[in-house]
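Per-chain numbering from 1; labels A, B and C assigned in written order.
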Amino acid sequence: MSIFEYAPAPESRAIVTIKPSYGHFINGGFVEGLSVFPTLNPATEETLSQISLGSIADVDRAVAAARVAYESAWSKMSGRERGKYLFRVARILQERAREFAVLESLDNGKPIRESRDVDIPLAAAHFFYHAGWADKLDYAGLGNSPKPHGVTGQIIPWNFPLLMLAWKIAPALATGNTVVLKPAETTSLTALLFAEVCQQADLPHGVVNIVTGDGTTGSALVDHPGIDKIAFTGSTQVGKEIARAIASTTKKATLELGGKAANIVFDDAPIDETVEGIVNGIFFNQGHVCCAGSRLLLQENISEEILSKLKVRMAQIRVGDPLDKNTDLGAINSSAQLDKIRELSSAGDAEGAERWSPPCDLPSRGFWFAPTIFTGVTQAHRIAREEIFGPVLSVLTFRTPQEAIEKANNTPYGLSAGIWSEKGSRILWAAQQLKAGVIWANTFNKFDPASPFGGYKESGWGREGGRHGLTAYLKSEG
Amino acid sequence: MNERLEVNKTYKLFIGGAFPRSESGRTYEINNQSGDFIANACLASRKDLRDAVVASRNAQPKWSSATAYNRGQILYRIAEMLEGRKDQLIQEITHIDGVSQSAAQDEVIKTIDRWVWYAGWSDKLSSIAGSTNPVSGPFYNFTIPEPLGVVGVIAPESSALLGLIEALAPIIVSGNTVVALANSHNPLPAITFAEVLATSDLPAGVVNVLTGKKQELAPWFASHMDIDGLDVSEIEEPLLADIKVAGAENLKRIRTFSDEASPQRILAFMEAKTIWHPIGV
Amino acid sequence: MASVNLVDGSETSLKNFLTNLSGVDQTGAEARAATLATRSIKTSAKSWAIDTAISMVDLTTLEGADTPGKVRALCTKAVRPDPTDAGVPKVAAICVYNDMVKIARDHLDAIGGKDVAVAAVTTAFPSGRASIEVKIQDTQDAIDAGATEIDMVIDRGAFLSGKYALVFDEIVKIRKLCSAGVHLKVILETGELVTYDNVRRASFLAMAAGADFIKTSTGKVSPAATPPVVLVMLEAVRDFYAMTGTRIGVKAAGGIRTTKDAIKQLVLVNETTGPDWLTPSLFRIGASALLNDLLMQRMKMRDGYYPNSTYVTID
């Protein structure tokens, strides 16, 4: 061997046991659904299990269980005791972290390095963080004894299945709400494993209910009259549908929706870390990230230098088996998503942008897309406006800081943005000008339970995480 | 008995710091409780609304980037001038709404005091609603509230002045700009208030006041894509649901409030922005 | 020489050049190094990495208590690291103080280790606090005694006080002594430079002045060859190559004690400068205890079970 070829380093699958089929988790136990659909390993197209398709009746049963649990147990329990349950859940997640990580990578296609080092530890951290809030709600800024909404209906996406579950369930439970959660159609398995965690933690029956299914199940949940609050993470299109669906009700909603974040590089940026930040911004989690830095805005006088370094760096990205510990870029989550990425990339070609990918061998089975950049992109290109939700970066240039901000803000989205510069005053100026809920300066794609996350404009309503996110699960007067 | 003929005021719209008539040329009669004619008010059209939104959007950058201290000073100055117009406002309320002198006086005083209360929040809000967040890593992370942008107000019908003012104050104190639709049966105090604003230091376009019919204009407020938020306190079903459905298109922040002074009312039209930066040498 | 393209050696040109280099964000650099540290090197890749690492070792003894006997023992180990296995590659060099150079060279030559270089630490190693005349003499002595690699230290005091031309001049003067196949390694002593910005600047200064290698540390100061420091130096080397077409080597020295540490270094090289640098002529690891751990891991790979420490020879 003349070059350093990393031998396969697969994480063992043996740690997880996947059942042939799963029911819904309602009132503390598993309940058979009327019909099932397969869930695939997107890296191999192998069927992992059969998942129940939640019906209106299933949702109804789950909401009823959540209501009873709310009235009879959870809302009556002291914050201190609720907090202790959350601590238990956090600990069990830590104890079973490897199992969750492997299952997440199998079901989602994301690299084990990310599920192991990001998704699962952060999910546990969210429970820890919110456990501590449960008996301190008087200090959340809403006055004494703020009240929960009641029963929350939560719908989460497929890009960070367990992490999104934690973002939703932890604050809901800490504040005294009960939960009916619907995982994404293609990634239900870690949510169903989480149901076991609820059992191990001896969580009172009905406090957490999980109904699996597709969009029809989600609609049934949104429309259910027994739901007091909706928490949704997903596309802006569905977010708007939910907003319309609850218009004539008193239901509250938080929506974490799409984004088309600008990642702005000024000519005094720390170059190597910036290149890392660009890579992390768009290729983390295959670009299946609502806050991905999908529009790279380069100051024109350094654009060539950055692009040449970026290409060298992209050639180092290791695409392949999600369970291999050295994989950087895993599988696209579904064939539908792959079609969407292909369609938008073709639009980039057709509109005259220049496509580049490093040489990389993609597996023949499964859903794969090579890391890709498009240069020569303008604001008018579809790939500069529409969320691709894949490992595809659109590169634009700017001449002045003002132009950078104008281009960055020239989108109906407003979730996140990046700034790279070593000049403090310019960073603060740009951070002030950007219309986005999360600004990463000299870093990107960082998440923490203490840090509020959420978007401006059509990227959604409300925040998740931190004190700000907590208050979304409490009634505020005024 | 004074035989002198009074000079009646023409009540117009307030858009971009000017007092135009409705582009539609339409007016409607304002009558008192007994049905006597008091004035012709402009019946604003959707095009007037459009112009007001443009004015409001244009005023956004300057107003939102003014220092909090400056915004507080300007709002307090408005309260000073309101104090001088007290009698006129009381008269406009009693004249049309038929409420007693003392009730009108109470409303005006409450209005002014509430305005002062909100004015003082300008440079305190970030302290109570912002935070530094102890993230797990070498990062400085902080959250600040920022104004939402352009906010629409459909003023309540239950009061001619207070309802409008207690909607406007919390919206603009944070740096938002506003397009407001005045109480339709008595828009006169709203226009008088606009005259106060016009002679205050408030930049043109920060507050725009329309008069007209909410059934006609509210749907246009709701569907206008350049309005970021709506205060529709006292709007009832089914109009409220229609507004929410139309507002979903750009995910407007649509809110209703009770008659209670609260910083939550300011925060309702603000966005939390969180900023991360590494710590290192 | 590459230096003429980048700087003319004057204080002004050096200051302009070095202060215009892109900054290094500490958090970002450390995060990148930490990510690369998670690479999992197994089976065939691990075997390859262990042998490659052995071949890159500058087997080092730099003690006041060094004796000819100790140095000869080290030379023996350098040529035949594992007495039971002739398949183990020789190390790259023996690294000693200059009074031990001749002893090392003679012994290596005598036992079939002509291809193992002798590196001498000079220029008033480790502090560098002496006149340039002394540093020149120190170096000349080593070369005269047969050293083919010179590990010089920079004047960190001068660097930190912004006297870049002084640091540059000293390197140039030592470089002049190193003609005819003598390789110059310039030790930055990154633990004293403290910031990554300084590491990057000192790396470029040394390369522009004519270093064949830039080396992290003397081994006498901690921290030494931490992964992020090596990362920043590798990035500098990669960028210098892009600017000048000249490949400069990197020597990581100090604190690399285990096979795991060494493999992390190779991963850094592989994914920063690329595999072209995965050769003893462009990457070295200055170490002493490391070799035994590499040998024990090698035995484990070969035999399928863990040896104990009596199966490797003490130095």
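One rule holds for everything that comes next: a contact is a pair of C-beta atoms (placed from the backbone, for glycine too) under 8 Å apart; a residue touches a chain by one contact, two chains touch by 3 or more.
Because the structure is a prediction, the values reported are computed rather than measured.
Q: Among all other chains, pick the one whose mean CA position is farthest from the mean CA position of chain B.
A: Centroid comparison gives C as the farthest chain from chain B.
Q: Between A-C and A-B, flag the pair that has more C-beta pairs in contact.
A: Pair with the higher count of C-beta contacts: A-B.
Q: Whole-Å distance, chain B centre to chain C centre, using C-alpha means?
A: Centre separation, chain B to chain C: 70 Å.
Q: Let me have the rounded angstrom distance from the C-alpha centre of chain A over to the C-alpha centre of chain C, please.
A: Using C-alpha averages as centres, the distance is 44 Å.
Q: Please compute the C-alpha centroid of chain A, do the same for chain B, then give the distance between them in whole Å.
A: 37
Q: So which bits of chain C are touching at least two other chains?
A: 25, 27-28, in rising order.
Q: Where in chain A do residues touch two or more other chains at once?
A: Touching at least two other chains: 442-443.
Q: Give the residues of chain B touching no fewer than two other chains, as numbers and ranges.
A: 137, 139, 278
Q: In their shared complex, at which residues does chain A touch chain B?
A: The contact residues of chain A facing chain B are 125, 141-142, 236, 239-241, 243-244, 246-248, 255, 257, 412, 427, 431-432, 436-443, 446, 448, 450-454, 456-458, 460-461, 463, 466-468, 476-478.
Q: Which stretch or stretches of chain B touch chain A in the complex?
A: Answer in residue numbers: 65, 128-129, 131, 133-137, 139, 141, 143, 228, 237-238, 241-242, 244-245, 247-251, 253, 257-258, 260-265, 268, 271-278.
Q: Residue numbers of chain A touching chain C in their complex, please.
A: Against chain C, chain A makes touches at 1-9, 113, 117, 268-274, 276-277, 316, 325-326, 422, 442-443.
Q: Could you pull out which chain C residues touch chain B in their complex?
A: For this pair, the touching residues of chain C are 25-28, 30, 194-195.
Q: Hey, which residues of chain B end up touching chain C in the complex?
A: Residues 137-139, 278-281.
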